Amino acid sequence: MTTPVSHSQILNSADFAPITQRADVHAISRPSQSYWQDAWARLKKNRRAIVSLWLIVGLLAFALLGPWLWQIDPARQDIDQISQAPGADRSATIVAPYAPWDGTVAAEFAGGSGLRLAMAANSQAVRLHWDAVPGAAGFRLYRNIFAADDEMAFGLPIADFPTPAAGYYEDRLDLRPDTYYYTLAVQAADGTLTANYQTLAVPVNRVITLDEVRERELAPAEAALDIGDEVHLALHPLGTDYLGRDMLARLMAGAQVSLFIGIIAPFLYVLLGVAYGATAGFVGGRVDQLLMRFADFVVALPFLLFMILFQVVFGIGPGESGIVPMLIALVVLAWPATARLVRGQILQIRQEAYISASRLLGARSSYLVWRHMIPNTMGVILVTLTFAVPSAIFTEAFLSFIGMGVAPPTASWGSMSNEGLARMLTHPHELIFPSLFISITVLAFNLLGDGLRDALDARMRSFE
Amino acid sequence: MNPPLLEVSNLQVEFDTYGGTVKAVRGVDFTVEEGRTLAIVGESGCGKSVTVQALMGLIPMPPGRIMGGSAKLRGIEILGRKTVEGREVRGAEIGMIFQDPMSSLNPTMTIGDQIAEPLQVHRGYSHRQAMARAVELLELVRIPEAARRAAQYPFEFSGGMLQRAMIAMAISCKPTLLIADEPTTALDVTIQAQILDLLKDLQAETGMAIILITHDLGVVARMADAVAVMYAGKVVEAGSVDDVFYRSSHPYTLGLKQAMPTNKRDAVQKLMPIEGSPPDLFAPPVGCGYCPRCPHAMSVCATQPPLPIPVADAHYARCWLHHAQAPHSVPGIYYGDGHD
Amino acid sequence: MWKYTLKRLIQGIITVWFIATATFLAMHNVPGDPLSGQRATNAAIRANLEAKYGLDKPLTEQYFIYIGNLLQGDFGISFTQQNRQVNDIIREHFPVSATLGILAVIFAALGGVLWGALTALYRNRLPDTIIMFLVILGISVPSFVFAALGQLTLVNLNALFGISLLPVAGWGTVSHMLLPALVLGMGTMAYLTRLMRSSMLEIIHSDYVRTAKAKGLPAARIFTRHQLRNAILPVITVLGPAIAAITTGGFVVELVFAIPGLGRYFVQAVQQLDYTVIMGTTVFYGAFLVFMVIVVDLLYGWIDPRVRLQ
């Protein structure tokens, strides 16, 4: 046993006087917090969840306020700037309107031999001319965007000339500010190519006519402009897609569609699920059996397969966006999970002693539902809702990606990704931006959901 | 007198929680004699389970932390051992059973396999030998049809049966000390008595010492040789069972006794609850932890922590009332033979 | 257990019937005549179909013809490809999808269990933080993005090394399968990792692991005998839905990697509104998924003694 210890302090008799004034023994030493206060305090401590919350606010602002700040029609095509990467040069030189060409060579391009330019090349036209090749039966002219390194890779054949004489050609086909490689291949008498060819690299400058500048309001109306002056084409901060539509505007329009489906659909089906599950759980008995048996069947349906089937059945007509059919299909197929969850919760709560106590005190059913059952299932419902959003966004993206979602020209992040996929190797920004938006949105909702679950689920608390 | 089997001194354990650091055990001392039963008594949250879990190396770290102290089994330090010798002590030298047998057994392993495990690990038995021994152990704890039962899973057992299986598992390596952490709390009253009888019989057969954690004074009276009363992370009174029951020296022990129903015919006294609740161990009190609830508190109690003061041989109380300068006039408190 | 198996099988059959009926009704509610328009201009196909489905007969009769055909395992003839049996299409393309899917499921399950257990053991330390960050990415990035990025990376890697490390698209050899299977299993693996982690954490804090520690068992034995086995159980219960996710995810991955699987064929059929192929593959996929879920549940029952013995 412990050895006797003497107290070292000097104590006087006053120390041994009984305490007469006493603090309240029932006082609670720490302030009490309500469930929601406590949950909010926990959530605030979770930095990832709070960052995600702000991210979601930002995304909503992007979708709702963005188009108001960036007033570009997402459907408008800018054919001068197709598949343009973000931050590309957008200067253009003003030139005279196009005039037909009769093959004359401009003074500063006189001289030289072989395949060569007849005039300064610009995006209005590339004008080439060449000398006669002795022994040739004819020529074939090719255009490519890469330098040809063998006879197999000349690119697009644009014209045939069945004569060995000197000739000229004007190319006006979809010219962009880029370097083009023109190849003039010599044909033999039977029309096959010989090993004899000459290639010319042509850097093309972007030009625009004065009328176009005025029409598209690229410069202030009062500005005095002349041929040779430089103007800037319309700004596309995130580039353009394969039809020359502004990516930023389309991402905003896509955000509206994706977030609309991603938030409204879960809201509706969670609401439906809560009503269904609460009814089943509260009424109980045979009604419960019947309702849940039906829910079991809907759960057993392969979800995405039936989403596709629904989309086929609804058959998006011309001019329709396909948003409403997807919303309906999501709601019809996705509610049972919530219904099961809420029913389970309600059944559990019904067993609790405080419900019996409340009943004994004469509470009516409606009071029980509103005062006890709903507040006690609210946390679970909120967490379900938060996790339902990313899954709905995924579903929308998946369907749009396989072409079963929203119909063109309506933009959604999924359909934009689908369109970007085809040009992934040459214009990766068309795929990367919408994919990034999907990923960030889903990430934010997932992290917020994690945070909410940790904050609301009392069972997890002991682990922290 | 032989040296004690287990000697615990100044054990301190803290937990980091969401709300702050809880000083759950704030310097606990006790000893356990060979072959005897020590009961550790106290209300929920007083630190009694944490104390024995610390001995067994079961405090999850983090969030838990052993801040100091020592625990010597036959003179060998066992506290904080994570090594192979530490494992040898746990399971082999000291067995432990828990409050809720339903959740304390692995649901996907047969009872026999779980009893056989310590034998395989500590005694080097083959699986076959260990299983044969497991069946014998089940017979020892009076489970009928032991061979058939050994092949069953926990969910096929009743609560009482599971606790017997837990005991069989804990004593499989013939430990010198068995720690029973509220072994009967989760069981029916009739089963409780059976389990306690079983523990007593096993103790008589094997000569092992027992540390019995409980909040039930009836269980203490029935089982214990010595008692340590814990309050707010400290032992406030310790002594033999007779000392603590009939010569209570701490107002808290007195309060516990008055809150317990008796079946004396002539007892007209009312049950007296202890007013208030235990102190907040996030910020432990400066003085005596019981001071705010103590009807006999003095000025010093609020400012100075009391040290253990012996009132008789092997009987002490952590209370200022026993200080030489205190009035020694509280009715019901035992002040030692010289003062009564 | 036998009774349970029988009950689940009967439930499964009813569900498949429900799917078949729903598919039938859905397809008959498609606006307009499915045979009209440019889709089935070929008179031979049209005549074939009309005879086969009794398209001139009332709906109920058509339904019974349809169910009768299904019972004989006959999914009908393609609308767009003359005399091509849907059965042939499934027989030809499903093995490809199945191979890819099985690889992806194995990859996801093994990876999920391994990473999940690892993160739980290293909780709140660096390996946990890194893996959980990747897991959150894996859950948040759609499979088509993984597919596209995987392909893009591979193209660049091949270009960088000047040799073909792995083929970028197509099907045929094991090397064709690796990247698509990896991409297809990625999301599910991330999901399973999370599940395994939380399941492991719950078990690490469980009473019976405390008992095992009190028994003085070595950490390795506690891990294998007490933690891993119990922690895997919840992972097994979600394998059914995981298989469904991987199957439908296959639609996209097959599309991106140009793999001649049933998924890609199904998507094409949907885009071309080839009704019999849609109906046939939907019912086939539906039946496949329903029975996979049952198989997984039975497997779970066999592994978990609490279910097996009751």
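Note that the chains are named A, B and C in the order they appear, and that numbering of residues resets to 1 at the start of each chain.
Definition applied: a residue touches a chain if its C-beta (ideal position, glycine included) is under 8 Å from a C-beta of that chain, and two chains touch if they have at least 3 such contacts.
In this text, all values refer to a predicted model and were calculated from it rather than measured experimentally.
Engineer: So which chain ends up in the middle if you average the CA atoms?
Structural biologist: Located nearest the centre of all protein C-alpha atoms is chain C.
Engineer: What is the chain whose Cα centroid lies farthest from the Cα centroid of chain C?
Structural biologist: The chain farthest from chain C, judged by C-alpha centres, is B.
Engineer: With chain centres defined as C-alpha means, what is the inter-centre distance between chain A and chain C in Å?
Structural biologist: Computed value for the inter-centroid distance: 25 Å.
Engineer: Where the centres are mean C-alpha positions, what is the separation of chain B from chain C, in Å?
Structural biologist: From the centre of chain B to the centre of chain C is 54 Å.
Engineer: If you average the Cα atoms of chain A and of chain B to get two centres, how far apart are those centres in Å?
Structural biologist: Using C-alpha averages as centres, the distance is 61 Å.
Engineer: So which stretches of chain C touch two or more other chains?
Structural biologist: 205
Engineer: For the complex, give me every residue of chain C touching chain B.
Structural biologist: Touching chain B: residues 205-208, 210-218, 221, 225-226, 229-230, 233, 304-306, 309 of chain C.
Engineer: Spell out the part of chain C that touches chain A in their complex, as residue ranges.
Structural biologist: That would be residues 15, 18-19, 22-23, 26-27, 29-31, 136-137, 139-145, 148, 151-152, 155, 201, 205, 244, 247-248, 251-252, 255-256, 267, 270-271, 273, 278, 282, 285-286, 289-290, 293 of chain C.
Engineer: Given the complex with chain A, which residues does chain B contribute to the contact?
Structural biologist: Touching chain A: residues 18-19, 29, 31, 238, 275-277, 279-280, 282-283, 291-293, 296-302, 304, 307-310, 314-316, 320, 323, 325-327 of chain B.
Engineer: Would you tell me which residues of chain A are touching chain C in their complex?
Structural biologist: Those in contact with chain C are residues 297, 300-306, 308-313, 315, 390, 394, 397-398, 401-404, 417-418, 421, 424-425, 428, 431, 435, 438-440, 442-443, 446-447, 462-463.
Engineer: Please output the residues of chain B touching chain C within their complex, sorted ascending.
Structural biologist: These residues of chain B touch chain C: 56-58, 60, 86-92, 95-96, 98, 100, 103-109, 117-118, 121-122, 153, 155-156, 166, 169-170.
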